[in-house]
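A, B and C are the chain letters, set down in written order, and residue numbers restart from 1 in every chain.
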Amino acid sequence: MREETRKALRRLFSNASGVLGVVLLGLFVIVALFAPLLAPPKPGRDPYFMPVVTWSADPLPPSREHPFGVAGKRDIFYGVVWGTRTAFRIGILVTLASTAIGLFVGSLAGYFGRILDEILMRVTDVFMAIPFLVAAMVLTTVLGTGLDKVMIALIVFSWMYPARLIRGNILQVKEEQFILAAKSLGVSDTLIILRHVLPNAIFPVLIQASMRMGSLVITAAALSFLGLGAPQGYADWGALLNYARNWMLGGYGATFKYWYMIAFPGGAMVLFVLAWNLLGDALRDAFDPRLRW
Amino acid sequence: MKEPVLLEVRNLKVYFRNDEGLELRAVDGVSFTVPPGKTVALVGESGCGKSVTALAILRLVEANGRIAGGEVLFEGKNLLALSEREMQRVRGKEIAIIFQEPSAALNPVYTVGEQIVEAILLHQSVSREKARALAEEMLHLVGIPEPRKRLNEYPHELSGGMKQRAMIAMALSCRPKLLIADEPTTSLDVTIQAQILELLRELQRQIGMAILLITHDLGIVADMADEVVVMYAGKVVERGTKYDIFKRCRHPYTLGLLRSVPRLDVDENALASIPGFVPDPLHFPEGCRFRGRCFLEDETCATEPPEVALGDGHVVYCHHAALSEVCHGER
Amino acid sequence: MGNGEVLLRVENLKKYFPLRAGVFKKVVGWIRAVDGVSFEVFSGETLGIVGESGCGKSTLGMTILRLLEPTEGRIFFAGQDITRLPPAKLRPIRKDMQMIFQDPFSSLNPRMTIQAILEEGLRVHRVVPRDAMQKEVEMLLERVGLSRDYVRRFPHEFSGGQRQRISIARAIALRPRLVIADEALSSLDVSVRAQVLNLLQELKREYSLTYLFISHDLAVVRQISHRILVMYLGKVVELAPKEAFFARPLHPYSVALISAVPIPDPGVRKVRIILSGDVPSPLHPPSGCRFHTRCPRAQEICAMTEPPLLEVEPGHFVACHFPGSLTLEGTSG
């Protein structure tokens, strides 16, 4: 391992919030990996659909059998556990895809500049001008509901952030003399982008990606909550919250009666977002060469 | 006869703490004096502690540093013992400072006039109109054409040289007794540098302030200074009059420095250079800090070098002060 | 000194930068950074290019290397016109022209090892077989006075002087014929600067290099150059052999420039010629002679017509209506 990386890792683990982020994330990874053990699915059925456990539409409070309670005839614990996998899948796929598109667009715009930059950045502006949630709703209505559609909507409306960031960083790196030095050595444009520009411009994008990972899951949940996301019964934190829609205000004199419907899926979501943000913050502190060395 | 003293720095120590919690002795026991109305140059290469010393005199050391010891006597009173409030009255009024980057020292959102007026009102009980008139007078004094118009301009509308003039006007608006000039011309072109140096000389004649000039340029030192303090790696290695330093220097570092400057008036086939490089503050050698680069080095240099007084204020910190004389002569 | 063969010829070279403003980025003016510069560099010599910031000396260096596209004029390298050469044809020529940059902190990629930095050019031009690469890199490092053990390290582990040595090693790795050094010593401390200056001199002899040494520091230029070219606001105002230039500079600007440099010797008394005012903007250069707004000897004609660059003595060119009217003694001639 490179000396520089080792130093940065040491800084990462000497940072309390960074350690907390890593630990939280580790817990989520364990839950996702061991989901079949923690909440065994019924044999022969798609484990991503929460099995119906009661015939009554009324929610049930936590009990021995259903430790987090029951919502919409389904076990909340099962939903939270399998929903972790859904969260990771949405987060990772959407972040990877949007970052890849963003990197491509942003590096073209930043490195070659001029007209290409002008066109690409105006397109980016157009996408940024559309309110995200509204746009995603429109798109899912057009494409139809479903988790894959939600992910497409998220990708279509989030690649602009990495694109902008990488473009800005590239513009900065382009001014560095080592770029000129490489040009005067006769190095080709492609190699200059790959070896000189991207390695020096990409880090903030990765940090931003880690932060976006958390917020994407919230947005996906918001869409699910609105009934646009995961299909009925799919193990997804947002879908679980959707069941709570009619109950969350409680009743007269029983404001917190159905707290468990919100607390468990909501808590999972908050911790998930927190984990990624803490990690992102700590990574920035540990790696950002402008802050250190 | 004892010479009058305006500023006396005694055994000043400024330590910094880095990210890893290690202590850096950026300034480690520096002593020198500034007589009233004279120019004293603090010279050395980057990292020698000259700028930190200047800031420490005004107690403006950055947050990760601290003044670890010593005294800064200004007209007999120890500035390091003053309260922060009392210190604020000294800054700007008694001792003013100008920096290398005038663009960084002027606030971009206020006009030049507003900033000078602010500086005047801070220390003088005059009306705003009077302060404005004074500001205009100061701009005129520092040779800025059309001072009335310039008062209403923002820093970005001025060139580098003009900005430095405006900074000087601001610094001198309260007629300080000491002006600390930290590399005042390093970011300027030579012809503009010549203008600013000439201006400082002229203003010193008119106002009579002392100047503590911090620079790495030995040409400027020869041009401007009465007395010279040579610093290396956080310590003073030699101090004396300009002639002591340029003609009769006794420290091997001073000699090496003088010999490694290319000169405009002499042709040389190859410059004499000091081997090695300036140590970083974490790895200052024990004993004499010039060890490892010195041609006179022997085992005695592992211990702290003695202070050798050569008379008339010429002081050198070297085990071999007696020996180094023989290496002299015209180059 | 040079053997008389012209290695680089620049003819009426111009580099204008557009100044854009408004929503549609309309071109509202041109910054004339280099404005009709012609000169020759002989094989084996060092030509020092001096001038103050904004005079176009750095732009000139980058335009010659085609790191910037020239607006007008022609560049001949070793007899070949390279002004409009397409990138593919330019690449083999890049091997022969290298640059050393000013800022040793920005000129080395912080994420590459010293080995990777020094190898890059060698790989692109395939001048050294793969198995000999390691040896070559180590040899280069030792040649510039660094330990061969440094190959695995990263730039941030080195001091400014050491980094500049690495930059120099990168520049000489391809055995170029021409090296353009753009303020290569300016950021270095006095004692280190002398070391690097000496290194450049040694390398020049060893590899028979030709230098274009761009600097604002006249004293350094004097030590290294055979001939001196002075620029002011994008124009050449004087070009002369070093001895002639320092003994009897003919352009009033050269005289002011020389007299403005402080001499590190309190025994030397000299006349200070202090120019008034600032360098005008290259966006709106003054009419006629561009120096007339600051020239202590300016006459009416200076604001009207631009003086041509004329050879007033053998090898001594000056662009002034009244050459020699201002002297270092400060008296009118």
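We take it that a residue touches a chain if its C-beta (ideal position, glycine included) is under 8 Å from a C-beta of that chain, and two chains touch if they have at least 3 such contacts.
Everything numeric here is computed off the predicted structure, so don't read it as measured data.
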Chain of greatest Cα-centre distance to chain B: A
Chain pair bearing the highest count of C-beta contacts: B-C
Where chain A and chain B are represented by their mean Cα positions, the distance between them in whole Å: 54
Chain B and chain C, separation of their C-alpha mean positions in angstrom: 31
For the chain C and chain A complex, residues of the former touching the latter: 25, 62, 65, 67, 90-92, 94-95, 97-99, 101-103, 106-112, 120-121, 124-125, 154, 156, 167, 170, 174
Parts of chain C lying in touch with chain B, wherever the complex brings them together: 52-53, 159, 161-162, 189-195, 197-198, 201, 216-220, 222-223, 246, 256-268, 272, 274-276, 278-279
Chain A residues within the chain C interface of the complex: 2-4, 118, 176-178, 180-188, 195-196, 199-200, 289, 293
Chain B to chain C touching residues, read off their complex: 45-46, 159, 161-162, 189-195, 197-198, 216-223, 242-243, 246-247, 256-265, 267-268, 270-275, 277-278, 280
